[in-house]
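Presented below is the structure to which this report refers.
Order as written gives the chain letters A, B, C and D; numbering starts at 1 within each chain.
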Amino acid sequence: MARIELKDVVKRYGGFTGVRRMDLDIADEEFLVLLGPSGCGKTTTMRMIAGLEVPSEGEVVIGGEVVNEVDARDRDVAMVFQGYALYPNMSIYENIRFPLRMRGIPKADQDRLIRRAAEMVELGDFLDRKPGALSGGQRQRAALARAVVRQPQVFLMDEPLSNLDAKLRSSMRVQIKHLQRQLKITTVYVTHDQIEAMTLADRIVIMEKGAIRQIGTPDEIYSDPADTFVAGFIGAPPMNLVEGLAENGRFAAPGLVVACPGGVSGRVTLGVRPEDCHVVGEGLAALEGRVYGVEPTGETTYLTLRTGETLFEVKAARDARFNLGDLVRIGFDPDRLCYFDTETGARLRVQPYRSVA
Amino acid sequence: MTHRKYDISRRRFLSASAAAGLAAGTGFRATPLFAQSDLPDPQSVLDRISVREYVRKDYQDLYNMSGEPLWDPATDWIRNVDWEKVRQEQAGKTVRFAVGAADQESAAEGLVPFEQLSGIKVELVPIPDDSFYDKAIAEFISGSASFDALQFFSPWLGDFAAPGFLAKLDDYAEKWNLPLGDFYDTYRLNYGYFGDKGLYGLPFDCDIQMVHLRKSLVEQVTGGPIDVANTVPTYDELIRITDELSKLGGNVAPIGLLGARGFWSTYSWEHIAAQCGMELFDENFEPILNSEAGQKGMDILLALSKNAIEGVSGAGWGENRAAWLGGQVATNISWQDSGTQAMRPDQSQIVGDFVTIYEPRVEGGRFAPPNIAGSTSCVAATSQNPEGAFLMLAFLTTSSIMAMNEANANGVAPGYRSVLNNPRLREVSQPAEVWSNSLDHAWCAPRIPGMFEMEQVLGNEINKAIVGQISGQEALENGNAAWRKIMEKNGFFSNRQIFDYAAVKDGVYMGAGKPLPFG
Amino acid sequence: MAAIDQTGGAAQAAPDRARPREKTLRRRSPALRRAFPYLLVAPAVIYLLGITLYPGAYAVYQSFYLVRFTEWIPVGFDNYVELAGDAEFWQAMLNTLLIGGIALTVECVIAMALAFFAYRDALIRGWRIAFLMPMLFMPSAVAFIWKLAFNDGRVISDLLRKLGLIEGNLDFLGNIWLARTTLIVADVWQWTPFLFIIFVAALQSQDQEVEEAARLDGASWPAIFWNISLPMIRPVIAVAVVLRGIDIMTMFTNVFILTKGTPGGMTETISYFIYRQGFQTFNFGYASAAAVVMLVITILAAQLVVKRAFKSGKT
Amino acid sequence: MAKRRKSKGDNLVLRYLVLGSWALFCLVPIVWFLSIGFRPRTEIITPTPIYWPTFSLDAWRLLLADWPIFDYLRNSVLAVTGSVVIDLILGIPAAYSLTRYEYRGRDDIGFYILSTRMMAPAIVAIPIFFLFRNLGLLDSVFALMLIYAAVNLSIVVWIIRSYMLDIPKELEDAARTDGAGDLRILWEIIIPACLPGIITASVIAAIFAINEFLFTLLIASTKNAYTMSVALANFTGGSDGVIYNAIALVSFLAFLPILVLIVLIQKHLSRGLTMGAVKG
């Protein structure tokens, strides 16, 4: 329901800078995920949008209005917290009712809204309980209900699923996504879990040390990383990054030689995703290494190869079987290779990238 | 607090008179007191101030009291003053009376007869007992005390009179014929007059220090019935007796005395040293505590304290009283009320087993029973109605009411000759006879500014001597030095000195040249 | 997810949208935002300043005067100079440290020993209530209990005599160390539970796994207690001892009722000294000087000890 | 192995011997003192202690007949309750400010509040008396409320502060985004969430207030303001000496409500006693 803009936003705590000069434009009804390791400033960014923190510099704009000095209570945003933040002294019903009460929604409408929100998250039978009497997943849904009930302009979710077990997490993901699509509410979602980010986001913002490293759709982020940080952060296992030297259309590193575009030269880092590596016969190989570890996951088998000092991850066929120490030869999809400036980590855009899509 | 005894004695007096007040008040209380015409006939009120109404029923029975006055109606002020004249001048006026906290209610009731007699409305200004001195001072300092009259520990008289906190009462005493002559001189001079500056107080609780013996125990040593004058003729004999008593066993200590820090120890020393002929000051007001007589008194005190009950170094009046009434000691040096109160069966285990004797003498000394403490009644200098306040105090200290306090054994002692010489009173107060005979010889420390502080400081030193930390001589020397410093602080030895020693000398010792009261 | 499907799509949800009454966005000035926490804490601070700053300043002011009723004679630092040379003042200091120090040590040792035995005991609630009782009495009443037992009622002497330990009665007020002992016993009796309760709570709230691990390693309980449990609750011990220490160093009631400083001032504490100078000999200026010295010591102790104890105690 | 399992130093006999003796040491004086309340005065102080005295209700009679004990009780209840209310009104916002906001001087303010707990009453007694006198508040229950509140405010702030620190910040953020203002968050979220702390602080403050002696003595002078603890002073001197049986009774009358309060907050006691520094 609202577009959110961050303009040159900086947040400092004493001498420490939490967020550096951030520019971000979140479209109406977009589902944006802030992703990054802990301490990267993603939560601070969200809290500035919520109004829980005041930017040291810059402007936060929601729905076209600068809201820097507007209290959280007046921004019409709803937030879901990692620890659920249900009011322990109130029943679930009262919890969900709280934002309605605060906003002066007529009593007559409250009950209907509450029940509808509870139904949306399948909590209709638990309204009389206190939060303490609910399971983790139920509490999470109660928190969601409390956020949805008043249909705010903006949803903010701060790692809402991180306290749930893996199975519950994946079902809740679907539920959240569904809700967002259904309600068409601009949503900012903070997580350090890339699966959540990839599955939920319209766009992902990757942050590190208070700065944005890349903004893009999940595909772009995954396949077309902007720098080594993003490359190394996204993907499980992440992209293999090998430092080497590029000269005359040839990239070379210990145990690895591959043809590279002519524009690439000097000290360069090669990036290649494990699934873009194939076990090949002699002669075709770009890389030779000894098997360091084998991880069959059922659907596939991950090989860790050791070549020189580097460990290299490869996704092999599900039935591939190797013994430790076996010599394995690997070939790459040449058009799925990424090159980065070793010095800066920045992507060297020398060739069009063949997207998966 | 420290002056504990005095504070609550007043309370007991007031609660004792409460019953009578209630009785007298019935039927009158409802009508306003201000209109003179509404006031009851004075005689009917006075008639109710009687033994039958005021003395505890159980004591009346216990001592077969006839209901006859315990005083001499001819000198009882309330029965001689012209109440009509009082009413003419005072009816409708108000007097504010500072009373100890807990007393408020009983005081109000006790003063109903006065309100009825005089037409004066009494308002009570409660002050907590435990900080009476400080609060009184605070009130005085403020320049407009919230009360007109108050009663306080007599050693404070100098402290309060010197800065001009108190009103002079000579004119009122004369105008209303206060029978000052009925007071024993020692009380009149030490509780009433401030040196040569005039009358500032009406004696209230008139204490004297005396020696008390347990008959059953002492007679085991002396081998015969106790004679109040001759069984313990000297302090040497008292020391000997306590030595003998210590061999008796039975968990009874030979002697109890006041050995606690502060003025308690001072009083015990003064008590004995006075017999030795000790004076506190020379003619120039220089303290001479460590005179030969002072030393001798100290030696005797220390010799006695060797046989004293355990805990004597912490014994103030309350502890001493408990030990005495509980039967823990065989002899006791304390106020006369140790005798009076020992007659209360509800509190005393030694009813009928004690006798209060004449002060033992000291060779080369004199017969000088000390009256050490007690309380006096005063009017504030800032009072709006000092005359009314005076009249109220005169009512409260009148001999008939004081006599009945004594009969009730509530610890508030009368200082009137007519009372203590009354044969009916002597029947209900064992010490009265010896006490009254002794008062003509009484010794008393002058009430000069700073005296209370001086007594406190000296007592701390004497306490050290009692527990053997310093010698008796050191204690007196330290005390002497401290006294001089405190006196300087209070303007002595300078042009601020308020009067010469001659002004208080007459009040110190009454017995000079008088024949002994016993054979 | 069935529920969501039933409620249908966005089309149905939109009209239901709960909108607050339209109003322009309220803005709060940064100044107010910054001032707000101060405004919250201000009433409490002002209130407390009233009972500390005002009396403190009053005492400092008065300490430069010789107070004789209405007369306040300025004497500069005379009161402090006199205090420095006042043997009774230093004796009171020493007494406070001795009596307080011994009582505090004894209380700690006993409380620790009791806690060691009690904290794993099934009857812990019972012990706690029983040990707690003395603490729930009015301190002045407790002082009277012991006054009666030690001195007035001769009970302790009688019991010791029955045990054959003494003959006659002990003079608990006449002997320096017996008198101090009465104060110590009275304080230990009433306040050991304070430490006990805190120690037990601390011991119970620590991680049991560590103790169990040590036990599997073959350590005895005393060894575990001494080497593992105690160090783990050290911050708690610090806080408890500091709090108890504050109270014990301002000991007054027991002195006032039990000994009045006898024999010869050897049980007089600083609080009692101030009281005696102020309320018994009416040297208000001098008493204020002593109070100021005590105040300075208090502030120093607060800065040096209490602050640290409470910092480390913050868990 | 069997020997090893009975761990060294875990001797049950020793344990119960030690704990039992201390329990006796705690309880015997109390029982004995209670017995004092039911003796005649003449059997309290005697040459040799009497252990099996005559039963007597003298002290009760004295208490009920001579003293307006119910006025004292009323004053105690009013003054204590009032002071706790003042403490909560002042203390809860202060604790909230100290825990939920970051600002310059916060820790110093917090420590200042704590340090008022260390002030010896002897230092402030005289000026406080004059202060109340000038305010015309002497001998009123209101004055007692004010002074009790002041004496206990630091305790209340610190105990509540410790409980507030335990409340997740998220809860507050949630309320804020839900549309609640600072004061409403305090009222609807923080206060209910730290209710155990508030109760603990109230009980501890109430107990200290019930027992407060020195200031009460200075301020109260009649049954207008006399409380149970000062009622005790009625029996500690005067021409009747120390009336031990009445003291024993009064102290038990004050002890019983305290016992009830303490049992109520048993779980939080150690935390309360250490002003929140120890979580137990």
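As a working rule, contacts are C-beta pairs under 8 Å (C-beta built on N, C-alpha and C of every residue); 3 or more make two chains touch, one makes a residue touch a chain.
Fair warning: this is a prediction, and the values are worked out from it, not measured in the lab.
Peer 1: Can you tell me which chain pair comes out on top for contact count?
Peer 2: Top of the contact-pair ranking: C-D.
Peer 1: Counting in whole Å, what is the centre-to-centre distance of chain C and chain D, each centre being its mean C-alpha position?
Peer 2: Each chain reduced to its C-alpha mean, chain C and chain D end up 13 Å apart.
Peer 1: Suppose each chain is reduced to the average of its Cα coordinates; what separation in Å results between chain B and chain D?
Peer 2: Chain centres of chain B and chain D, defined by C-alpha means, are spaced 40 Å apart.
Peer 1: Centre to centre, by mean C-alpha position, how many angstrom separate chain B and chain C?
Peer 2: 42
Peer 1: How far is the middle of chain A from the middle of chain D, if each middle is the mean of its Cα atoms, in Å?
Peer 2: 54
Peer 1: Residues touching two or more other chains, restricted to chain D: which are they?
Peer 2: Expected reply: 44-48, 126, 130, 233, 236, 242.
Peer 1: Residues of chain A that contact two or more other chains, please.
Peer 2: 71, 74-75, 103
Peer 1: So which bits of chain C are touching at least two other chains?
Peer 2: Those would be 152, 154.
Peer 1: Which chains touch, pair by pair?
Peer 2: All chain pairs meeting the touch criterion are A-C, A-D, B-C, B-D, C-D.
Peer 1: Within their complex, state which residues of chain C touch chain A.
Peer 2: Checking each residue of chain C against chain A gives 1-4, 6-7, 9-10, 13-14, 16-21, 25-30, 33.
Peer 1: Per the contact definition, I'd like the list of chain D residues that touch chain B in the complex.
Peer 2: Going by the criterion above, the answer is residues 40-42, 44-48, 58, 66, 68, 126, 129-130, 133, 139, 217-218, 220-223, 226, 233-234, 236-242.
Peer 1: Per the contact definition, I'd like the list of chain B residues that touch chain C in the complex.
Peer 2: Touching chain C: residues 1-2, 131, 133-134, 137, 140-141, 159, 163, 165, 251, 253, 260-262, 310-314, 316, 319, 322-323, 328, 452-453, 456-457, 460, 463-464, 466-467, 469-470, 489-490 of chain B.
Peer 1: Inside the complex, what are the residues of chain C that reach chain D?
Peer 2: So the residues of chain C in touch with chain D come to 34, 36-38, 40-41, 43-45, 47-48, 50-52, 54-56, 58-59, 110, 113-114, 117-118, 121, 125, 127-134, 136-141, 144-149, 152-155, 158, 189, 193-194, 197-198, 200-202, 204-205, 215, 218, 220-223, 236, 239-240, 243, 246, 250, 252-253, 257, 270-271, 274-275, 278, 284, 287-288, 291, 294-295, 298-299, 301-302, 306-307, 309-310, 313-315.
Peer 1: Enumerate the contact residues on chain C facing chain B in the complex.
Peer 2: Against chain B, chain C makes touches at 66, 68-71, 88, 151-152, 154, 157, 168-176, 179, 258-266, 276, 279-283.
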